[in-house]
Amino acid sequence: MLLDPKIPPGPIEKKWEDYKFHMKLVNPANKRKYKIIVVGTGLAGSSASASLAELGYNVHTFTWQDSPRRAHSIAAQGGINAAKNYTNDGDSVQRLFYDTVKGGDFRAREANVYRLAQVSVNIIDQCVAAGVPFARDYGGLLENRSFGGTQVSRTFYARGQTGQQLLLSAYQSMMRQVGLGNVKLHTRREMLDVVVIDGKARGIIVRNLITGQMERHEADAVIMATGGYGRVFYLSTNAMGCNVTATWRAHKRGAYFANPCYTQIHPTCIPVTGSHQSKLTLMSESLRNDGRVWVPKKAGDKRAPETIPENERYYFLEERYPSFGNLVPRDVASRNAKDVCDKGMGVGGSGLAVYLDFADAIKRVGEPKIKEKYGNLFDMYFRITDENPYKTPMRIYPAVHYTMGGLWVDYNLQSSIPGLHVLGEANFSDHGANRLGASALMQGLADGYFIIPHTIGNYLAGANLPKVTPDHAAFKDAEATQRDMVNKLLAVKGKRPAIEFHRELGKIMWDKCGMARTEKSLKEALVEIPKLRERFWKDVNVLGGAGDLNQNLEEAGRIADFLEFGELLVYDALNREESCGGHFREEHATPDGEAQRDDENFCYVAAWEWKGTGKLPELHKEMLTFENVHLTQRSYK
Amino acid sequence: MNFTLRVWRQRNAADPGAFQEYQAKDILADMSFLEMLDEVNIDLVHKNQEPIAFESDCREGICGTCCQMIDGEAHGPETGTTVCQLFMRSFKDGETIVIEPWRARAFPIMKDLIVDRTAFDDIIAAGGFVTANVGGAQDGNNILIPKPDADTAMDAAQCIGCGACVAACPNASAMLFVAAKVSHLAHLPQGRPEKARRALAMVSKMDGLGFGNCRNHYECEAACPKEISVAHIAKMNREYGSAALLSDQDPSS
Amino acid sequence: MHALKKYMASSIGKKQMMGATGISLYFYLIVHLAGNIAMLFGAERYNKYGYLLLHEMAEIIVPVEIILIFAILIHIRLAIQLTLENRAARPVAYAMKKSNQQTLHSASMMMTGSAILIFIFIHVANFRFGGAGMGGMPIVTYDGVAMKDLYGTMMRAFSQWWYTGAYVVAMMLIFSHLSHGVQSSLQSLGFNHPKYTPFVHFAGRAYAILISGGFILLAIWAYFQHGGTP
């Protein structure tokens, strides 16, 4: 079945304006009567809660964390893009649009990306007004820096903690509404199910993580902003609690999952040191502005980096991509790092690392300037590795960082379940097969502040929404399903902690469906994952009970979902017989090793419909048409 | 490396709780403190014992979720760091390590090392924001902000809301947390129109939540993983004093 | 007035009142020390100075004394209230707690403060109210004016080794109290500036040394004035 993205007609630069004018509106006095559930309090969830409450809707916001401020948006370091052209280097909405579509390797929906570029400028203004302490120059104007995949400086930043500052500002705006009584905040509640009544999303089932009680919450519309699924790889830069549960459960209720195989491997992370490791730490891409990436030319060269003379160093990004140099997009940088390591030139104990060297930059601008720009990142590196990056180059290696795939949404950010809207990383819409740096923050806030407030009004005003209560059979069923799931997990009483299965799953995913994928490796994964899942349900040991705070139970439930979801991800990767962006199939490469797209056969969004555990999902396609950007082989040379 | 851990175990808020001893064996110096606890917990599950409940999320020192009193210091012996960024190389092989939850009336213990820090959210909801509805913002460059002001605001805004200031304060006072937000927003022109109201409302809320009073010991500053200066507390004292005594705002608003 | 009451009931309001009353006492101590220097010029000068204060300047001194009493009462009242509130803020103590910035001075404010209060009672009784507890003060006459022999009373008191010793201990407690108090009161009132705060910390300590050291030196001088005989 072909999916209709509901893209409004008209020229691309007019679509959003025209569409807003033609939307149905909800009368200000009636907004209070609509109850909207927002799940997740990252950038997208907090900003959506705040802006919907400002409009007057009755908003109920849920997070599994102890506080909305903990959401993982907080960890974004480098910055947020906006087509302000404050630096006079030729930036424009058109250019941000073009860069994003091209960066996404022509697998994003044009109309969404254009809208994103348009509202990017409003985001900066809104954030400044809300008190985000962006970096400023001595004249008091906003500072910019450059990021990968672009040739202009359009990234706004707050030291190396931009995500933190943006999240806290959205959180504060939301908390203001909590104080005013317009948002009811439910913390320590984990969403376990979407309740669908008469084909529309009308509520959710959450587990109260303190008491273990299942709770039913009804609403007129549900918004999910529950983040990405990077932790299906176990090791990633995601937080420990990031999970696929909310989106996966929605998927099981009928929301299509789009492009799960588009996973971003970030090039600059601190390398893995051992099996005990719980997560990987990102070193912001902004470091590539001043850091030069290199490896020794001689394979297996074990000399200290400072002692390797200039002519024996291979600055592989600068040499292979002269025009973008160290600032090629993330997927390209990651693949090249893997490539040189595969050829034996990797450094560090494991040989799975490359140098990111600041010696030249420190010589050029001095240590204080570097400290001012990246001080907190250098401190973090030092703390983790016990090596001083001011003196010796950093060692970095790619790691799973972001997932472009997510629940399928149309132009209104509505999933295939009417009334269920999906924002931020949880949806699939704007980044295609690869996200450019500093664009995730942009998308999260665009969705929450500037898009959903309009499109949800259009939905509510046009939908027939008879009153439902939590006593409805659909709520009872959903709650019973979730209660059974919890009891089932507790009843296994096997021998092994859930985390061990997660580690095993991560290894399968990384080895067989990581930076490079082949038909063979993917098929192996499709055999191994169901086996692992089977062992999980026989041998997991979930201690404690259902009726109180039980972290084992929470974790086991999330891992159970990853064990199902991982299979879908691999299946999607197997289906996509091309290479594009973060999805690299070794069979589909250009002679010089770049991703080889197949626009003839794969210029579509693969949206999968759940058919049951162990059953093949059904593929629905949304054809991608490019009217404003020409499909070309991406080149950063 | 091997360690003996003395860990506070408490089933729930009502349980009196007690210390229990555990052995952490074959720990690597490169492990983070929480990864060490992960290993201990895996070991406990294999022995069919309920693992130690502790919170963490980002594990890169920015989300503020992790919170443990380690050998009598909030976030452990290193300065400017959170538990998740504390590495076992900071400890001596064979040491006994005492791990306690944050202790404050305003942060009730929920289980083992997990405490409830909702009080911080309540304080922010009372006034820790700029009233700036979406839609009305002017161009971000229209108001110039001197770089030193922006930098000072950022210094304060770095607060991660972990509660180490409260935990380390001999009086369980939340002054540094509240001051960080008051000072952040008072340093920016966008935050100034409602600065009097903000200072009054946030302090009033803080006072009502059962935190102690500041006695200028500055333990908070020493424990803060983001090394936020007590100069911001002075700034808040200034803001509060002038708001209460000189502005026309009612101190309880 | 309602708003002012709320201010004074707030945590910061209380701290600021604590600081402000403290500061009024700092000024008093300077004046007190400066006046006591008169004793170096002999009995007549000193006794006349005492007479001047209590008789000819009574219109000024009595109100100042009343203000000081109020300042001390507020200071004490708030100290007790703050201490009780602070105890309540952590009902269960840590099994292990280290301090990184807290000093002996800052940690012992309540203790030093209580001891100083006892000292003040004795000191005021001894010297302000006609030598109460000291067997009264004799009368001396200069230029036909009869006045209390404050000097003689003092010299008698300080000629006893234990009295001087106790006094020195009290002054050391005042030193400790001021060491934390001066910079703490300024911080509470909002004076903290990157350019001046280091100086304020230094000046606070210097002031504490000056005041307590000054009184101690005078006491020791008095002790040796009469040969240091018991």
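Per-chain residue numbering starts at 1, and chain names A, B and C are given in the order in which the chains are listed.
Keep this in mind: contacts are C-beta pairs under 8 Å (C-beta built on N, C-alpha and C of every residue); 3 or more make two chains touch, one makes a residue touch a chain.
Just so we're clear, the structure is a prediction, and the values are computed from it rather than from any experiment.
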| item | value |
| --- | --- |
| Reference chain A; chain at largest CA-centroid distance | C |
| Centre-most chain [mean C-alpha coordinates] | B |
| Distance between chain centroids, defined by C-alpha means - chain A, chain C (Å) | 63 |
| Inter-chain centre distance, chain A versus chain B - centres from mean C-alpha coordinates, in Å | 27 |
| Mean-CA-position distance for chain C and chain B (Å) | 38 |
| Multi-partner residues of chain B (at least 2 other chains) | none |
| Interface hub residues of chain A, defined as touching at least two other chains | none |
| Contacts with 2+ other chains: residues of chain C | none |
| In the complex, chain A residues that touch chain B | 47, 50-51, 54, 65-72, 74-75, 84, 86, 122, 124-131, 133-142, 158-159, 161, 164-165, 168, 171-173, 175-176, 178-179, 185, 187, 210, 237, 239-241, 273-274, 276-279, 281-282, 379-380, 383-384, 386, 449-450, 453, 495-497, 499-500, 541, 543-544, 548-549, 551-552 |
| Touching residues on chain C, where the partner in the complex is chain B | 3-4, 6-7, 10-16, 82, 85-86, 88-103, 106-107, 109, 180, 183-184, 187-194, 197 |
| Residue ranges of chain B touching chain A (in the complex, touch as defined) | 11-12, 28, 30-32, 34-35, 38-39, 41-42, 45-46, 48-51, 53, 55-65, 78, 80-81, 85, 87, 89, 110-111, 114, 116-118, 120-121, 124-134, 136-141, 143-147, 150-151, 153-154, 157-158, 160-161, 184-185, 187-188, 190-191 |
| Residue numbers on chain B that touch chain C, as the complex places them | 8, 19, 69, 71-73, 98, 100, 103-106, 168, 170-173, 175, 203-204, 206-207, 210-219, 221-223, 230-231, 233-241, 244-245, 250-252 |
